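Report on the structure given below.
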Amino acid sequence: MNKNRIEAFSDGVIAIIITIMVLEIKLPHGGEFAALKPLLPVFLSYVLSFVYVGIYWNNHHHLLGGVTKINGRVLWPNLHLLFWLSLVPFATDWMGENRFSAATLAVYGFVLFMSSLTFRVLQTRLVEANEPDSPLAQAAARNWKARLSPLFYSLGIAASFWSAWVAGGIYVGVALLWLVPERRIDHTAANAKTQNL
Amino acid sequence: MNKNRIEAFSDGVIAIIITIMVLEIKLPHGGEFAALKPLLPVFLSYVLSFVYVGIYWNNHHHLLGGVTKINGRVLWPNLHLLFWLSLVPFATDWMGENRFSAATLAVYGFVLFMSSLTFRVLQTRLVEANEPDSPLAQAAARNWKARLSPLFYSLGIAASFWSAWVAGGIYVGVALLWLVPERRIDHTAANAKTQNL
Amino acid sequence: MNKNRIEAFSDGVIAIIITIMVLEIKLPHGGEFAALKPLLPVFLSYVLSFVYVGIYWNNHHHLLGGVTKINGRVLWPNLHLLFWLSLVPFATDWMGENRFSAATLAVYGFVLFMSSLTFRVLQTRLVEANEPDSPLAQAAARNWKARLSPLFYSLGIAASFWSAWVAGGIYVGVALLWLVPERRIDHTAANAKTQNL
Amino acid sequence: MNKNRIEAFSDGVIAIIITIMVLEIKLPHGGEFAALKPLLPVFLSYVLSFVYVGIYWNNHHHLLGGVTKINGRVLWPNLHLLFWLSLVPFATDWMGENRFSAATLAVYGFVLFMSSLTFRVLQTRLVEANEPDSPLAQAAARNWKARLSPLFYSLGIAASFWSAWVAGGIYVGVALLWLVPERRIDHTAANAKTQNL
């Protein structure tokens, strides 16, 4: 088993996912500023999805960075995660083109929900392949964000049918949740490596 | 000869193949759930091809992982395999858009058939470049799935003209064949490394 | 923190950005030379953006090449830079298709402006993660081109509303500025490594 | 200067170029075999270009594999080569869609011509960065195929205006020239490493 090649392949797939989304921003008709206005929902969807795919890359990076042993049982969970991430560009574009209609918000949330579930499956498999008290196992045990995210996405899916603002707000909120404390943990870890959060 | 760079290039090409297929899922007209329904055959084709390309990545990974010597004679067989895999997105999309018509199922099977043949050529070249009793040679000798796959794809091509369900069932079945025992071998290998299958 | 993986991911994203721009050169109607003529503005935009993305790849390469320590605080500044670079294909295509209209030139300049700002943020974070007198910090301190570029792009944006030739000239000029002295520095460094520029 | 990262970036760009060409094979109208027939020129163009891009990847691989020293002066020649290779998908598609019209054959030949020239510039720069009698310099000195290729492409461009068959034949012939002896050299090298060709 070659950890480097799994990382390289995953990096390749995630790099393509995060980049091809921009291909789906269709050129506006006309070359003045006003022509950009109808693109706003598409652009906002793009920003949100760029942040989400970036979060997954960061998490994948941290997850595999803490791994010392790996076996063939992680290949398919890893591909399963990549499968759901690969649907992000479609869900993003559908949502942006239909100005955050209920069904598109629910499908977008479902893709995020499945990505978070499959990320947890991958994490569990990697923990099983390593010692029960490995740093990876400890990090996974206190990874409350990974545990709560699927719940929030479920709330977002339910809210899609009631209010686009609430559903969108939940998706943005979970993204911010992942963005902000990431820094705090890193900062804390740099100052006091022995302290457990 | 640099094995790492062959792996990196192949990873890049396979990562792109597996990801650009999603670009071919055209946006439905309308933002409600019903608009997704006509996409079902396209989506199912996508899932099957994602699994197949994932299988080839796994197999390629295992094949090159067992290699200690490499020479310039493997470059073109490797590119030949990548050529046929590069046609998977086209065959997938054509099949999905035409709801599994006979010709599209046959062409899809043909692309899988050529991919499996070229994979075997690559395997043979790599075995030749190494010792006759290398682990790679032993693994290749007992790789009955790689030997049987072209046969199954031929049956699938023939069945395309008779029943889409049978042809599709064969393609799905071969994919499952590759998915399932992969785990068993790895599991067995982890428990008892001396046991030959 | 794994510097190699950040480089690999950034390489992947930048490689995709620089390559997918060519997908946006639509095929002309007809197979004679005259059919290529309307493509000229699109092609010129492509060349300029290819050079710009190449400059960013070079700078990113040099920036991370000089780094010995890295921490989690650079991940998001790096993704922020990649976000703005990912908009280059859109801005390029919009500018080319609308024959360098004022708004498209201003938006193109804005994407370059934000890319240069986020590059400087990344540079600052990397300097902070290393010693105050590290080679990276010294190189950053004398990197006057990185300091002046945002200013030039601002001038280009302002000029967009006045003359397309002046705005375009500024963008081309800044690209040349980055291209030319790169060689001189390297040449000098090869001859006399102790000399500070 | 980091040779690995130049290789990784070039691999990424070449992998994308070789793969996105397949996106330009438009789906035929209809799901029967006859619908594939109009695709034949597009498909043949694709095969030829896949082989050419594969040849460039192989040559690039061999060229950088023989390099022990590298400096900043190779970055732009490398990007210049990648620029011309990035136009291959456009030239391929235009040629295929217009059934090998004179202008499209000439433009295709011109892209190959510029690729071969820029490859030679890169080779020269790399030789300059290394010892005059390095293995790289010796390999470059006897690389008659790299010297003759631009000449052949010029003949092909001239022939485009006279006969599509002759021009196409020249392009196919040069590709075969690169494919065939590659194996012989490698084979000879394996048997008798001291023998100069």
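A, B, C and D label the chains in the order they appear, each numbered from 1.
In this section, contacts are C-beta pairs under 8 Å (C-beta built on N, C-alpha and C of every residue); 3 or more make two chains touch, one makes a residue touch a chain.
These figures come from a predicted structure and were not determined experimentally.
Any chain that touches chain B and also touches chain C is listed here: A, D.
On a Cα centroid basis, the chain most remote from chain C in this structure is B. Per the C-alpha superposition, chain A sits rotated 90 degrees relative to chain C, a value rounded to a multiple of 5. Comparing the contact residues of chain B and chain D by number shows a mostly separate set, under half of all numbers used being common to the two copies. We define each chain's centre as the mean of its Cα atoms; on that basis chain C and chain D are separated by 27 Å. For the pair chain A and chain D, the distance between C-alpha centroids works out to 38 Å. Contact with two or more other chains is made by residues 8, 12, 15-16, 20, 23 of chain A.
Interface of chain A with chain C (complex): residues 7-8, 11-12, 14-16, 18-20, 22-23, 25, 27-28, 30-33, 35-36, 47, 50, 54, 57-58, 61, 65, 179, 182-183, 185-187, 190.
Of all residues in chain D, those touching chain C in their complex are 1-2, 5-6, 8-9, 12-13, 16-17, 20, 23, 71-73, 75-76, 79, 82-83, 86-87, 89-90, 93-94, 97-99, 101-104, 107.
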